[in-house]
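Working notes, structure below.
Every chain is named by a letter (A, B, C and D) in the order it is written, and numbering of its residues begins at 1.
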């Protein structure tokens, strides 16, 4: 069994929200070239788990390790190596799509505007590059946040409901991006309600109340 | 040596210790406050300047000193809770806040009552009283921040950080207020050349100070039990604790 | 080729400035509030400049503090609401860098603006031109200190329903020393005595706050982001 | 003790006794409200235990 020294491991994580025991001893693992599909009814802590894995939320018990080391002690290095796309596409309404990418991807790696335009091209929203994000539709905003994930070139993707607000073509695009990412040795942790028809090793994690 | 410190971190242990110590604190507090009041109001001679009005210091000085000490204890407990994630620290901080705030209010009221005969008005922006007033604002800030969050755990951590930031500012506030207005007569107890008071005046005051401190300990023991219970998940020991 | 903290800092400052200038009316609100509050005092008291000059430092400084406090609410709130704050927190740089950049940009856009407007208010309140240098200097130091204290307060009150009331309740007691030194310096400059003492104390307070507040504000953000 | 008895406090009775009285009020309030908050915490804890027990069944 590949020990989790070259991947992500979640080890019996417990989280309470007030009196609600949201995550009850959740454990999971995902290695290079693999995808972890997290599913389960609403309110069972899927987003909470993603926030714990991203290092935003400190679990009361249990630890998360990346490449064998706890993410708490190596927080900034770990967070530099991941791309997080939350349920709501995080865009500034007053900035254009290109500016949004420039100011968020630019925090992680030096990237030219052309690279960012190519990423927007890849997710089919090149036309909106110079439009303020507030005028974009929900689907277009989702595609811009996907472009951000691509442009960051992170090895670990944490995607919360990437298929939300997307049409058939959009969903197809997400599946292609995931497969391409995992094929090049990347890792992904995806929260989604629907079945993922992907041609790569997919681990399942079912969260129930 | 460290074992008692680690044991202090476990809620059931703190709950039991608090329940056991409370009667001792309360009893000793009653004795010392009783002696201090009798000594201060009956046996101590009137002050040559202020006459019998000076007897107000037997409640004003202990509550003023306690108000700052309790804030510091709250800040230290908060820092411990934040740094080492010990929930009991939050319980002690949450328990200390109302006690400290009430003592600050007591210091303010008695201070202004004491000021009336001396300055002719209840409030003359005296630096010591102004610092007490700002300390009361700091207490209110910490308590209202703690209760503003739905999730009590986050409320604890936010209030803890504010308490630590506040305690750093208490000396700054005091210095700036004193710099701003050095009207206040030097404090009779803590002065450079030592207390100007005769021993028959001084001992009751020290006894009142000890009494107030012990009283704080007693009330803290009661409140901490409640705060620990609140923060404790439905763990086994809570069932026995409630029965008693 | 990861980005160094310093580059990320300046990129974030550029982002904040660009965002602020995209909505200029939000910049004007604190300034107009500053002018309105200072206009209240002559109406409430009297129009003799001689009387106004006595209370001018206090009025100017209290109005500046309240206007700066008013604008502190936007420091993290808009980013927290649309989720970009999480992206910044996950940018691989410590929260301290994020908070430092946002607070500096916030001060450039609000605190400095108040300082630039203050000569108008000062003249209206009868402050002699001779005292302007001290007034501007002390206001600059004061608003910078307040921006840092406000960053801690704003960090603690993100996402709270009546957050801005609580923000004032938390920040104002901590801001009293800088009001004392700032108004004190301006008052001495008006009366012709040397304001150096108060200015040095204000500068010391400013340096003290600017070095410690980033860590406190970062810790505050970490708590509310959880 | 000069003029009047112990209660006269040398003419400052109007200030000394209210202070002592208010101090008493503060001390008693602290004890009372501490006991009340402990009792409330115990009730809440027992209710939470009962709820947890019923969920477990």
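Quick note on the criterion: contacts are C-beta pairs under 8 Å (C-beta built on N, C-alpha and C of every residue); 3 or more make two chains touch, one makes a residue touch a chain.
Remember, it's a predicted structure, so these values are computed and weren't measured experimentally.
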Most centrally placed chain, judged by C-alpha centres: C
Farthest chain relative to chain D (centres taken as mean CA coordinates): A
Leading chain pair when contacts are tallied as C-beta pairs: B-D
Distance from the mean Cα position of chain D to that of chain A, given in whole angstrom: 53
Inter-centroid spacing, chain C versus chain A (mean Cα positions, whole Å): 37
Chain C and chain D: spacing of chain centres that average the CA atoms, whole Å: 41
Centroid spacing, where centroids are CA-atom means, of chain A and chain B in whole angstrom: 49
Multi-partner residues of chain C (at least 2 other chains): 226
Where chain D touches two or more other chains at once, by residue number: 48
Chain contact graph, described as a line, ring, star, complete graph or other shape: other
Interchain pairs in contact, sorted by label: A-B, A-C, B-C, B-D
Of chain B, residues touching chain D in the complex: 37, 41-42, 46, 51-53, 55-56, 59-60, 63, 98-99, 102-103, 105-106, 109-110, 113-114, 116-117, 215, 218-219, 222-223, 225-227, 229-230, 232, 234, 238-239, 241-242
Residue ranges of chain A touching chain C (in the complex, touch as defined): 54-58, 76-77, 79-82, 84, 86, 88-95, 99, 103-104, 106-110
In the complex, chain B residues that touch chain A: 150-153, 233
In the complex, chain A residues that touch chain B: 16-18, 21
In the complex with chain A, residue positions of chain C that touch it: 1-3, 7-8, 11-12, 14-15, 18-19, 22-23, 78-79, 82-84, 86-94, 225-226
